[in-house]
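For reference, chains read A, B and C in written order, and residue numbers begin at 1 within each chain.
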Amino acid sequence: MTSAITVSVLMTLIAASTPLLLAALGELVAEKAGVLNLGVEGMMLCGAVAGFAVAFSSGSIVLGLAAAALAGMAAAMIFGVLALSLGANQVATGLALTIFGTGASSLIGAGFVGRTVERLGPIFPAALSEHPVLRLVFGQDILVYLSLALVACVAYFLRRTRAGLILRAVGENDASAHAIGYPVIAIRYAAVAFGGALAGLGGAYFSLALTPMWADRLTAGRGWIALALVVFSAWKPGRLLLGAYLFGAVMTLELQAKAAGVNWLAPEVLAMAPYLATIAVLTMMSLGRRTGRLDAPACLGKPFSAP
Amino acid sequence: MLEWRRRREPSMAMLWLSPLIAIGLTMLAGMLVFTAMGYDGFHAVGSIFVTPFVESQRWADIGVKAAPLVMIALGLAIGFRANVWNIGAEGQYVMGAVAGTGVALLTYDMTGWWILPAMALAGILGGMAWAAIPALLRVKLQVSEILTSLMLTYVAVQLLYYLVRGPWKDPGGFNFPQTRMFTADQTLPAVMEGSLVHIGIPAALVIAVVAWLLMEKTTAGYAVKVVGLAPAAARHGGFSAARTTWATMLLGGGLAGLAGLFEAAGPFGQLTPQFPVGYGFTAIIVAFLGRLNPLGIVFGGIVLAGTYVGGEIAQSTVRLPQAATGLFQAMLLFILLATDVLVKWRLVRKRRAA
Amino acid sequence: MTSIITRRRLTFGAAAASTLPILGRGASAQSPLGVGFIYVGPIGDHGYSWTHDQGRLALEKEYGAKVKTSFIENVAEGPDTARALRQLAQAGNQLIFATSFGFMNPTIQVAKQFPKIKFEHATGYMRAENVATYDARFYEGRAVIGTIAGHMSKTGQAGYVASFPIPEVVMGINAFHLAARKVNPNFKTKVIWCSTWYDPAKEADAAKALIDQGADMITQHTDSAAPLQAAEQRGVFAFGQASDMKAFAPKAHLTAIVDDWSGYYIKRVKDVMDGTWKSGAVWGGIKDGFVKLAPYNDAVTPEARKAADAVKEGIASGKLHPFTGELKDQKGEVRVKAGEHASDEMLSKMDWYVDGIQA
């Protein structure tokens, strides 16, 4: 491969990984607080359609991104009311949220099918963003930088800040956290809202950056991959970054290999790889637990109600 | 002023009333939402919730749609009662169909009454095998079965794709990704000649009754409930959580596998990439709609199947988009989960502070 | 936001109008002819199902109150198909179009239960007394765009974003490549199988991979406009699929193969009204108006334009067949002898590629 192709492939790889990273990072924070929200795909679709609708109607892509984050957050609040305030089963609520997001986005988006908006572009001036090599660093759009910055922020927040410690405590042992006096439900609401906002942005990455248009089920199941990535990462932001880019690389390189005439890889085997890898990681993590200390947040998926 | 007060005992009346309240509220909310959106909300709701149940022509359709949902939900609900969260029934359903189809393709040029039972057995075993993986990981390594069973669903679906596009592709099918059609001896018979109602439908009802007896009248059912409600007490009483996990996972997987085989050997008559339509996930909704009670699940399955059938009626009559049916189903579950609060809590008039 | 509001008003009007006849479902002599459609995708896909729905709308425009159309979208191929068909049949429709290949077995099965209702199945090969089949010779359009690609490609390479290797797709790839090779004997066509009809992000990435590997012409047999957008972004040319997709890629979009079912639908409805409907198989191409080409982009060179028009007219007049021998497959075996052309039967079972294709 020449350097021009290498740069181009890497650009595609980064673009393919970014929505996964965004959605998965949001879910990671929610899960760290002990909440399993299986509605990621639904929240992504809400974000995708809201982002496109607002960007198309207002002509402002920034407003579109804001709307996407808000729409994802609003969808997450439905989950919050049911699963957090009313203590409903999180699995059932999350699944219902995905069904809801799929239906609602299709209804809202019906008027926008066949339209397009200007693609979310690079933020640096052309001299940098169109440089043959440097564009790898300076030619990205704002969500790429935002997603990377957020990985660092979330990692710092969870490990180094007091608030992060409390959030983890809520996910590890809600009863104790409550006994100490922390508002378990409020903290979980915040975590779920953050997850919704990032899922919304992840969805908008499809409708505004990757393929600037709206069509039904635009995200084509990426929300489920994001869920797998959280587990794959062992709930660690750094590993999540690695996992998301690894997965983006597998998706991109598969297509590059095919374009180069390599066709012996069964696409089905590649498609099941992230899920098998996730199960393998979970298993190894659990095997290593006797020596290490890795684990899923202990209260993951369990409803909490103040005694 | 009103305030929520926790009930000492869960209200049995509310337990059974809340699904009905949820359906009523969903109809009302649906009417309002769709009228606001510019559709004929009244007829839309009527088409979805009433027409399928009053037009006798639609009953067979509802039965065909409800049977796999009920069968899968029965297995899942027993697990849920024991706090075993198998949400990968879709994968087990697919693997049941895959295993059964494997037998069908092996016995393609044979005849005999034994072929269909052999396929059914393979279907059950296929589903069980797929459920055994999360069961093993949970029992031996405490890995959450929620995550592993969900991941395995995607693996199963890809395996199905691989088989129907590759080794199992119908040699006479012009490269279309699907298997051969099953032979007469490999197809689920209809209850009556020419009827849509295949024997999977009465089978689902029989299984529901058996499951009810199991849960309500046997020690095993009692053990499942105790393990779910009070794990510590269960240990004290000598009920093994590990054994319960194994039993409920295998039961759930086996029933999902059988449902998959029935669907493949019945309405489909072959295996195609379109085979997985999310019954394994919809069954979770059915299980909750039925209050995790086997007889309630039959009711829940019929209601949900009715909304699919009715959704199509609403499309062809009042032009309600298909997406609206999904919205209805989500709304139904949202409201049901919300009304659940009435089971454990009650609304009372707030007393003045003394 | 205006667009949503108008659309809603439109839908409301349509809904209000359509409820009246339903109340009195028993058909009288004066009642409009019920025509039903089932679609495999959502009409919001702006792809294959959308083109069929355009055909349905053309029926309403043509016949007004004389027809009453209804449709069910997103119908899964399998048992749900039979149910949707029965629903339309029992709702009083006299003519029902099943618009996807995967609807074949259920259509035959349901048609048996409703011998008086006429069924039409798109792209299939099973027929009955009351089941006709219809299909479009999309490959004729592929020959036209292949000619343009042959003229306009600087690298001599096209990238083909494809779904599944079923005959319809395979013959499209061959037709495209043969036409391009006629212009440029060293032309290469590279195919990526996406294993899906619809996954916009993946389709776009496939197009990018093909462009990275040297393709400067992108064509597709998947449903979304994403490959065109990728071509636009990378500054290469592309061709639209199923409908005019110029809006998505004003610079890249050279032309598009446009599926137009309206003529056929209008004719078949007339046949039913006149009582002359008969089962049969129609495979219509450019001549019959099933396959059209969207207006050429200004970027299309006069030379390419002339050659493309010549191919289009040659096919329409029957003088030119896109699969004229001698054709060899990739093993070098002669599949079509010199001077002959491929039969319809051979095309409908095509599972081999002409040499020069990387699939």
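One rule holds for everything that comes next: a residue touches a chain if its C-beta (ideal position, glycine included) is under 8 Å from a C-beta of that chain, and two chains touch if they have at least 3 such contacts.
Note that the structure is predicted; figures quoted are calculated from it, not measured.
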Report which of A-B and B-C is connected by more C-beta pairs in contact.
A-B
Would you kindly say which chain has the C-alpha centre located farthest from the C-alpha centre of subunit A?
C
From the mean C-alpha coordinate of subunit B to that of subunit C, what's the distance rounded to whole Å?
36
Counting in whole Å, what is the centre-to-centre distance of subunit A and subunit B, each centre being its mean C-alpha position?
28
Touching at least 2 other chains, the residues of subunit B are 37, 161, 165, 321-323
Residues touching two or more other chains, restricted to subunit A: which are they?
106, 110, 216, 268
Can you list the subunit C residues in contact with two or more other chains?
8, 42, 195
Would you mind writing out the residues of subunit A in touch with subunit C in their complex?
5, 8-9, 12, 16, 57, 106, 108-116, 119, 206, 210-213, 215-220, 222, 251-252, 255-256, 258-261, 263, 267-268
Residue set of subunit B touching subunit A in the complex reads 37, 85, 87, 133, 137, 141-144, 146-148, 150-152, 154-155, 158-159, 161-162, 165-166, 281, 284-285, 288, 321-331, 333-334, 337-338, 340-341, 344
Residues of subunit C that touch subunit A when the two form their complex
1, 3-4, 7-8, 41-42, 44-46, 50, 159, 190, 192-193, 195-196, 198-202, 204-206, 208-213, 215, 224-226, 229, 233, 247-248, 358-359
Once bound in the complex, which stretches of subunit C touch subunit B?
8-9, 11-12, 14-16, 18-19, 22, 36, 42, 70-74, 76-80, 82-84, 86-88, 90-91, 101-102, 105, 164-167, 170, 195, 348-349, 351
Of subunit B, residues touching subunit C in the complex:
37-40, 43, 57-58, 61, 64-65, 161, 165, 174-177, 181, 263, 267-269, 272, 274-275, 277, 308-309, 312-313, 315-323
